[in-house]
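Structures follow.
Below, chain A partners chain B and then partners chain C, in two separate complexes.
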Partner chain A sequence: MQFVQFVINGLMAGALYALIAIGIVAVYKSTRVVNFAHGYMIMIGAYLYYTFAVLLPDASWAPAWLSGWTPEWVIAGKNSAKMFSPAAAFYDWIPNIPRIIFGLVCAILGSGLLALIIERFLMRPLLGQSNFSMIMITVGLISVLSGFKSLFWTGDAASVPHLTPNPAFRLDLFGTPIFIFGANFMSMIMAALIFGFIVYWLRHSSAGVAIRAVSEDQSTAYSMGINVPRVFAQAWLIAAATGAVAGAVLAARDGVSPSLGLFGFSVLAIVLMGGLDSFVGVFIAAMLVGVLEALVQWQLGGTWVEIAPYVAVLVVILIRPYGLMGHPEVERI
Partner chain B sequence: MIIGNRKTSYLEDEKILNNNYKKAFVFGMIALAIALPFFADDYTILMASLVGIMLIAVVGVNVVIGYTGLLSLGHAGFVAIGAYSVSIIHNLLGEWGVPDVLQPWLALPGAMGVAALIGILVGLPSLRVKGIYLAVATLSANFIIIFLIEIDTFSQWTGGRLGLTTPDPNFFGWVLDSQREVYALIAFCAFATILMVQNLFRTRVGRAFIAIREKDYSAEILGVSLLKYKLTSFAISAACCGLAGAMAAYFYAKVLPEQFELALSLQLVAALIVGGMGRTMGPVFGTIIIVLVPEILKISMGAMMGSSIEAAQLRAPIQEIVFGGLIIGFVLFEPLGISQIMDRFFRALNRWPFARG
Partner chain C sequence: MLSVENIDVVYHHTVQALRGMSLDVPKGKIVALLGSNGAGKTTTLKTASNLVQLENGHVREGRIRFKDQNIAQLSADALVHQGLFHIREGRRIFSELTVDDNLVAASYALKGRNIRPDYEKIYSFFPRLKERRKQVAGYLSGGEQQMLAFGRAMIAAPEMILMDEPSLGLAPKIITEIFDTIRRLNADDGITILLVEQNAHLAFSIADYSYIMESGQIVMEGRSEKLRDDPDVRSFYLGVGDEGSERTSFRDVKHYKRRKRWLS
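Take a look at the complex of A and B:
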């Protein structure tokens, strides 16, 4: 029964997809822009995390507290812990805490700044213009972001510290052994919590209500006293912050490499599959695609995984044009 | 000064080259294209051929995006289909013992036909969705096509990731085995494609496309069958891209799957935006800019920084940034592209020294 193992792997991957998808859905809901370059923003976030969590603390002039935090009890605990036990993984993780926090905060701030620049100088001039122009701007952004990435960081894949301890657990479920990596499991929990928080926040905070009002009708929202440009900026900030966290998690899982940008396209497929304006639909779609990918990997092998989301979205679009739970666009002639 | 258009017959009104500027420009370009292989150096021929290949594809993209208003980000897939099917058909015909002289006459239409069929298949979602949904559907199709070319299952025909060695076509006993000779074929096909597509928009089919672009439901109410014309649009455009792919296969010694990935799709759309959508000359201006700007950058950076390794490392990222910047700049400041700039220029020229703009 390897089935359970692969479903669990799929759910863990799906949660990450959901975390990335928040960015696309939040921006779409408030500004009606589908961000094709979101994957590349995540890539920039991952590279920022790499810079501030690996390159900077490892530099010779970096302060000692940043490059490692090893109080007495950690060394004692490490010596007493068994090899490969959860405790050992925990004690391995403790010295990395300063650099993880520093890296994550800087990545979120950096991506946020980038998102604000994009929103202010590229998106706002096009307010009220056709959808096509907005899409093409984000398509142009793909090249610009990936160009800047190779300008600042040379292209080789590198590894970064995990956000959480990474012990390997071995469970026995109905007599079948199941392996789970602690970091993957923790990032699933984290992604689900962030997703839940954002959805709750959109539903119950006044800022969330403002975002929903703008998504309903921009000009009415304006006339009701909502600061529409501020709502746009907020949506882009949400996208940037969740994107930076997702970038850090992905970078720890797969290594930092330019191919992180392509991730955005499969997530775009997932978002369309779930319905562009429905957080719940997107969450379901992300989990479905995660599990689907894991099952494809199990049955057909690793190479087929890369097209699984695209095939899935084509099938769903042909059956339900506006995704699993999306609202059809009503047009007047 | 032009103060109006005096036409005395319908025939005159329907002409493609309906004024002297157009006539002079088109015949001048034809003369230049014919003269080029006799005096130009290899580098110029290479650039002209690249422009020609891409021009054919961008003209095809213009049919779908510019005239029919369906946003597609997957046209590189059709170029790939054209390039691979022309090579595969050549190989098959060779195995069956068909004489070399006949092969291109079967392979070229064959490649365009295959591309058109795949185009219809990829265009199917356009019947149910549009805008962003269609963009992602076509993007997915591009990924899937490249994936199918790369996997081991078909690699005995496609060569997989290692690429496929392409044939040299034999026209009337003349084997086109140098780039200069293939350039002649490319130039001919590019002119033919532009004229055919331009002609398309004097016909019922072309007018139906434009009606769909303006508002598809209104077009349907007026009796334009969306099913028929949206798929026709995809088929025509995919056939053009297939032709471009076939030219690329003849031009290069080898085709590789990564030549036809998303980056090429974006280049095609970028060329269209820079040049101007839904205009005959749009693809021409756009392709020239998109192909030549990286070269100009390369040359000017080489002049400024010498041929050091650092300069070479900087070149690719800067080319990428400039490419993205071109798309963003044109969408923000001149959404109708270079065609619009040229229009304004010629209008000012015509009316000089009177009112401008």
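Take a look at the complex of A and C:
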């Protein structure tokens, strides 16, 4: 029954991959640009979260309401709760709420601003040029963003507060104990909700129709009266916002460090496996890779974890070059 | 309504597609633009709808005015909001979107104009689209795709439509339907139409006024009836020789580009 434990771990990791992947797919779907720098945008998002949720509230001049919110009932609750119980985790989390909200909002705004700058000054001037040049720009952005990060932050790893309470649950399934960390579980739920919302929005709103129309044929989208540059900006904003949330979750789970960028980068392989232009396919691929990693870790040990998912990705791409659920072009025969 | 005044259009700073092209489309009329392949008909339309910039084309000289305002300051999408809609060559429907979503995309043309998109009107106009409204548009037949392209134009409630070869690749029966539709759009909704067409017979039958283009400029213009009876147009564009005369070799046919004009 260890199997169930590892599948659950895999799903929780997979949800995070999915959350990262949203941004790559959203940008690709509307602009046909594979954003190689998305992982590094996530890293910047994580550092922004770190700055506004840890560094700033801990500064001596920060207002008291920001650094901790401890009403009477929290202190009382904390004293009465048992050590390591879910209730204790909950009361531990309450004082962090102001800094979490402040950090997350600032991370989303900051990432959004960064994305708008990238879109406006690096991508838009290249409209109408070959897509390849835009893709090369995103490759260059990797170095720019890593350098930008070193300008403001050190390379030391640091920890940041979880977005949600983080109790450890222990379940007994047919006699085998299964551990679940609350924060990981909650971020899985959160990722699934964000994912579901965006897919629904793309399918059923007129803004979603505009994004899909632009992705298929820019100049005809123009001739429908769609403001194409604004659609591009929208896609980059979606990528930035989901990326900032993913960054915050990742930072809470693994700690903030420059390696977050590389982690985000590796999600690109998952996106290719799912099909660059299919949210659903990418979600399935993210879950598959998450579970596969966990199972490999269980059966073959940690050394295999690094390569096993990529072998799977390779196999899928060999069989279906456009990914699990990517669109081969629709053509009437 | 639309006046093209002496424009020069150059692609990639090297290829000159239009030289001193001028034409005028009065409000409420159908005007046809005829010419052989590569004469610059499509470029004229793209320049009028400001799409030419997306293909690295630049207007070097002259100007285009729509409703008495110079279009150079407007972006392509803003021009659509002003009421100028372009049905592009080869229909260019969004083949991965459903029929419904194609129409929703066109409803962006109404942004800021206080008109609600009237989908039911389109579906009663083209009942065949209604049967297929949930289908992916790429799987429609050519005729249905052209209907969809027209449907998108109608959703956009334009004052003027630029039509680029609506008969392209369609069966004769469907072409007749399409041209009936064009007539209805003009007569019922009062939409001004600039029509680019290879089929000169059809174009003369529908247009009030016609222009003939060759290598980037207008070589002939006039009321459609008058052009239709012109002996040169008859032999060159309609393929009808003078009665009783010998078959003439293509080499001997008069090419208008050879005619000396004071402009060139």
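We adopt the following convention: the second predicted complex is superposed on the first by the 327 of 333 C-alpha atoms of A that agree within 3 Å, B and C clash if a C-alpha of one lies under 4 Å from a C-alpha of the other, contacts with A are read in each partner's own complex, and residues count from 1 in each chain.
By definition in this document, a contact is a pair of C-beta atoms (placed from the backbone, for glycine too) under 8 Å apart; a residue touches a chain by one contact, two chains touch by 3 or more.
Just so you know, these numbers come straight off a predicted model, no measurement behind them.
Touch criterion met: A:H327 reaches chain C, while chain B stays clear of it. In the superposition on chain A, A:E306 makes contact with chain B only, not with chain C.
After overlaying the two complexes on the shared chain, residue contacts for A:G225 are found with chain C alone; chain B is out of touch. Judged by the number of chain A residues each one touches, B leads among chain B and chain C. Contacts of A:R212 after superposition on the shared chain: chain C is touched, whereas chain B is not.
Residues 331 of chain A lie at the contact with chain B in one complex and at the contact with chain C in the other. On chain A, the positions that touch chain B within their shared complex are 34, 122, 125-126, 131-133, 135-137, 139-151, 154, 265, 268-269, 272, 276, 303, 306-307, 310-311, 313-314, 317-318, 321-322, 331, 333. Across the interface of their complex, chain A is touched by residues 49, 51, 53-56, 75-77, 80-81, 85-86, 88, 92, 94-97, 101, 104-111, 136, 138-141, 152, 156 of chain C.
Taken together, the chain B residues at the contact with chain A in this complex read 71, 73, 124-125, 128-129, 131-133, 135-137, 139-141, 143-144, 147, 150-151, 215, 217-218, 221, 262, 266, 269-270, 273, 313-314, 316-328, 331-332, 335.
Here chain A touches chain C in the complex through residues 127-128, 206, 209-210, 212-213, 216-228, 327, 330-332, going by the rule given at the top.
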